[in-house]
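Okay, got some structures for you below.
Across the two complexes that follow, chain A remains constant while its partner is chain B and subsequently chain C.
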Partner chain A sequence: MPHALKRSLIYGALIIWTVIALFPIFWTFSTTFKVAKDVQLGHIIPWVDFKPAWLGLRAIGLSPDTIFTESTPRAEFVKRFWNSIQASFGASFLALIVGSMAAYGLSRFQYRWKIWKNNDISFFFLSQLILPPVVLAMPFLVLYKELALLDSMLGLILIYALSVLPIVIWIMKDQFDTIPQELEQAAMVDGCSVWGAFLLIILPIALPGMVAAFILSVILCWNEYFFAALLTSTNAKTLPVMVASQTGSQGISWWSMAALSSAAILPLIIIGVFLERYIVKGLTTGSVK
Partner chain B sequence: MTTQAIDGTGHDAVSAVVSPERRRLGSLLIRSATLLLALITIGQTLYAYGITSIGFANWMPILVAYVLWSAALCVGLILRDGEAGWRALFVLPAILFTVALVIFPTFFGLFIAFSDWNLQSAGGRSFNGLDNFYQLIADEYFWNALLNMVFYVATVLVQYAIAFGLALLLNADIKAQKFFRVAFLLPFMLSPVAVSWMIGKSMLEFRFGPVTNLLRFFGWENPSLLTTPWLAKSTIALMDAWVWIPFMMILILAGLQALSKEVQEAAKVDGATGWQGFWEITFPLMLPVSVTTVVLRIIFQLKLADIVINTTAGGPGGATDTISSYIFRVYKDRSNVGYGTMIAEVYLILIIIFVALLLKFTSKYMQRDA
Partner chain C sequence: MASVDIVNARKSYGDQEVIHGVSIGISDGEFVALVGPSGCGKSTLLRMIAGLEEITGGDIRIGDMIVNGLPPKDRDIAMVFQNYALYPHKTVAQNMGFALKLRKVSKSEIDARVQKAAEILGLIPYLNRYPRQLSGGQRQRVAMGRAIVRDPKVFLFDEPLSNLDAKLRVQMRAEIKELHQRLKTTTVYVTHDQVEAMTMADKIVVLHDGIVEQIGSPLELYDRPANLFVAGFIGSPSMNMFNGKIRAGAKPFFETASGARLPLAKAPESSDGRDAVYGIRPEHLSLGGDLNIKVTVIEPTGAETQVLGKVGEDKINGVFRERVTTKPGDLLAVSPDLSLVHLFDLKTGNRIG
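The block that comes next holds the complex of A and B.
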């Protein structure tokens, strides 16, 4: 095959897949600025097919003419957005702290508890990945009701932290394994305690891994829908649940649906564009050696 | 729960000297905290069943007691075992956290699974033995959902093939590699709910969706993507592929980049055509990464729910149901946690067996045991 033809085939395939990957995102953002007529006629290209309107942003109180006025939809949207931030950051912090500690312990010490050794403990954590959320969903519903944690931010944070904990441990253990043990040994000779060495020497070195684990956790928690839909209602409802409950009596207002969806995906697109390196680092941990 | 120490015998074998008084104090702290937790729990259980009249309004204090007990356990271990206790402190929080939030609810789920329990009705829980299980055996929707899961898991192989192709493209000597990598990765990061609505319900909309319009343009008169059962299932599979192909692609790309340059050159020259070089050199070398990727992906696929719930809610007629979406529907429609939990627990047992077999047959191809 001639070189030029081969290259154009490669670029052709790359561009086709770029369109497949990006068009839905473009569609989401552009639909925010459509009026009913544009949606129903299937218009695609702004300024050519249709004239952008502020309809979608007005529906959540963020258009230029509503942004400085009181707006109930905006208050609702901001609350859900804030809930999502709290849930994803809170859970990721919790998982990162607890998970990093466990990963460090498993990476450095030999534990033995009855017949359980390090490998069993590691497997115990990782096996949680297999557990589908649906198995925990109903028991949590009942337990949370009894614990008065239903529809509370704390309840959501706990269960999100649980769901990302195996991933954090997986990434962090891999990270700690690459740091030579001589570093802490030297520190301990200088009079550092185990925890002192961990906090002062090792954690700063493991920072890239922690960032990767944290970002991946935030992404997963931010997008989580299943538990949020079951365990929250008026108070702790997150953005995905708000998006999913947008069907009104007059059918779907696509522009406001698109505006909410855009708000739900925009933060992650920004993270993806600027922190792609860390996401790839987190995803590929352990699978490639 | 036993409170035996987790012995940490470290690489440098620090033999900590702990005085007998401190050791006794530690043991005492652990024992008394355990006793206190047990007493509070028993007391609250008796109160909940109406046997005694003193108790808390809800079970929140028990959770607080568990947290305090965990703290006491950590402090007690440090007092009792010294250095080994300090080391145990690294893993203990994660273990206690996971036990409280996974092990306990899973077993509690078994208790719910054998009950008739409608959360909306005032009647509360009533034990109904194996009724839920018999209902499950006779439930066509359950078996249908299970079959659908087989289909969805099988589509992972197709996703893998596409992901491998994309990874090869990205690994080729191209310009703007970073741009294409980020663009290809983005679908993976989007909220499944937004994807369901903006792709599943908007772009595939029968009258105005750009995808249906495109299909009409190509001469398909009646592209009823989400109302014909087999089409709906395939459409869900395509959307799922759109979201998850980037994940596999990134793993495979990392594998490709880890191959040594000589190997890649060898695959190109040596008289072999690109196709031959791929099958004889690249693909066998990539087998461990491939198997790991596919196994991980299958494990995630078993949880497939959000896209189905939001796009078709399992319809038409259960054609797109996954086990998770079916349970979600059972709960939303009938508020019966008993039956839903029975399905979930049976599903858990099935996938534990499935994943164990999968790992058994694939682990020899993987670089690391998962």
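The block that comes next holds the complex of A and C.
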């Protein structure tokens, strides 16, 4: 096959795939600017199929005519957005600290708890992902009620940290396993304590993995709906819950839902575009030596 | 600088004892090589001196201080690892200065000492590079630089040359020896390569299965190995050994299991008929004499010729400075240097003459 033909086939396939991958995002963004009729008739292309309107952005107080005025919907949106940021970054940060230490321990020290050794403990952590969150709904509801953590940001951060911890431990243990033990030993001979060696030598080397684990858990927490819907109400409610609540008694307000969804997707797109190489680097460290 | 004393040191993992009461005295400024086959416990012993492994029994003293319970950072030792263990996120200069920085030495002092060490090791052009940008030999030098800027009481080397190619190894061997002569710091050097140990050390400790087989200067070990293990381990190519019986008498000789007769200068007292092992190094055979070797392989290297052959049923190996004109299948007449014949007891393996 001639080189040029091969190239154009590859590029053709890539372009088709790009369209498929980007269409949902395009659809979400464009729906923000549709009125009910355009949504129902399936109009797709702006200015050709339909005339863009400010309906969606007005619903969250961000359209040109509302942006400089007092707006209750906007205050509500900003609060939920800020809640989402607090919950996902707070939980990821907490999970990263606790998870890194746990992973370092599992990678470097031999533990024994009854018949369980390091591998069993690692598997136990990872096996928590198998459990469907629904199983935990009732226990957590009762627990949070007793601890007065219902509808609090702290409560949400704690449960999110707990739910991403297995993944963080898994990624970080993989990272630490690839770092030769002699590095800490050299650091200890050079004058570090065990903690000094961990903080000054090992953590900087494991940084790509930490960034990957952090981004991954931010994404997972950002998208989380179930526990947010279950454990929060007026105060700590996050963006996904607000998106879902747009299905009111007068039917679904597509435009405002699309506007909220766009706002929710945007941070992830930014993370994806700018930090993607860290994720790949962090997740593939163990594979090639 | 300090002496190191290891007194009846033991190490076990669970029920498994791997170091069975080792005692070694290392005086101030001495270069000691711990040598032995893999799994003999030499690295474990070194790591016990460093404080990276706990000591199960006995004492280790550095200078006047018993260091048994002391963490590595308080022992004032420096260690060079087999894989160098350079910090990948630090430059060469930062790698070398790290220990000083931890000790809160002033920046100007760190720079001066790193500069001096880099000069000694020829690392000046590389100070701002990262370890990944260096070749194996350069990394090796950085690892040594990291050790010498500290000016520690003791240097510990854990097979530092085994990741280098043969030529570089010979070169670095000389560099390390020269460095020791210059700094005169007490050094403990672990290697499985007896040539390295022989060429570098003031004193060699031969370890085998967690016990000390012999301690002595390189030539003591070569000339008078205390037992069969040391005899077989030290020297390359290794010593020829024959099982058989000592025949004393007016003209003593050694009779191998297959009936061949090997000459002896004199038999040890009342040893007639004793089961023993007769050892002669390949380089202590000379051409001409009444011991006939049936030649199987000839290996000329130019400087010397190695001849592999058989005496009776036993294999024998000879190294001659002369050019040997013989071919496989021929008989070659040789004679052992009678003053350099070693006799060992067959059962205990210990030297008897």
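As a convention for this text, the second predicted complex is superposed on the first by the 258 of 289 C-alpha atoms of A that agree within 3 Å, B and C clash if a C-alpha of one lies under 4 Å from a C-alpha of the other, contacts with A are read in each partner's own complex, and residues count from 1 in each chain.
In the analysis below, contacts are C-beta pairs under 8 Å (C-beta built on N, C-alpha and C of every residue); 3 or more make two chains touch, one makes a residue touch a chain.
Because the structure is a prediction, the values reported are computed rather than measured.
J.: Which partner does A:Gly196 reach: the first (chain B), the second (chain C), both, or neither?
T.: second
J.: After superposition on the shared chain, which partner residues are touched by A:Ile271: those of chain B (first), chain C (second), both, or neither?
T.: In the superposition, A:Ile271 contacts chain B only.
J.: Touch check for A:Gln40: first (chain B), second (chain C), both, or neither?
T.: In the superposition, A:Gln40 contacts chain B only.
J.: So, A:Glu70: does it touch chain B (first), chain C (second), both, or neither?
T.: A:Glu70 contacts neither chain B nor chain C.
J.: Could you tell me if A:Met188 is touching chain B, chain C, both of them or neither one (first, second, both, neither)?
T.: In the superposed model, A:Met188 contacts both chain B and chain C.
J.: Mind telling me which of the two, chain B or chain C, contacts the most residues of chain A?
T.: B
J.: Contact-wise, after the overlay, does A:Phe125 reach chain B, chain C, both or neither (first, second, both, neither)?
T.: The first partner, chain B, only.
J.: Considering only the contact definition stated at the top, list the common interface residues of chain A for chain B and chain C.
T.: Residues common to the chain A contacts of chain C and of chain B are 185, 188, 193, listed in rising order.
J.: Would you mind writing out the residues of chain A in touch with chain B in their complex?
T.: 1, 10-11, 13-14, 17-18, 20-25, 27-28, 31, 39-42, 44, 98-99, 101-102, 104-106, 108-114, 121, 124-126, 128-143, 145-149, 158-159, 161-162, 165, 169, 181, 185, 188, 193-195, 198, 219, 222-223, 225-226, 229-230, 239-241, 243-244, 246, 252, 254, 257-258, 260-261, 264-265, 268-269, 271-273, 276, 279-280, 283-284, 286-289
J.: Inside the complex, what are the residues of chain A that reach chain C?
T.: For this pair, the touching residues of chain A are 180, 182-183, 185-193, 196, 201, 204-205.
J.: Going by the contact rule set out above, which residues of chain C touch chain A in the complex?
T.: Within the complex, chain C contacts chain A at residues 50-52, 71-73, 77-79, 81-83, 85-89, 98-99, 102-103, 146, 150.
J.: Applying the document's contact rule, which stretches of chain B touch chain A when the two form their complex?
T.: Those residues of chain B that touch chain A are 4-12, 58-60, 62-63, 83, 86-91, 93-95, 97-98, 101-102, 105-106, 108-109, 112, 117, 119, 165-166, 169-170, 172, 174, 178, 180-187, 189-199, 201-203, 207-210, 213, 242, 246-247, 250-251, 254-255, 258, 274, 289, 292-293, 296, 299, 302-303, 305-306, 309-310, 323-324, 327-328, 331, 337, 340-341, 344-345, 347-348, 351-352, 355, 367-368, 370.
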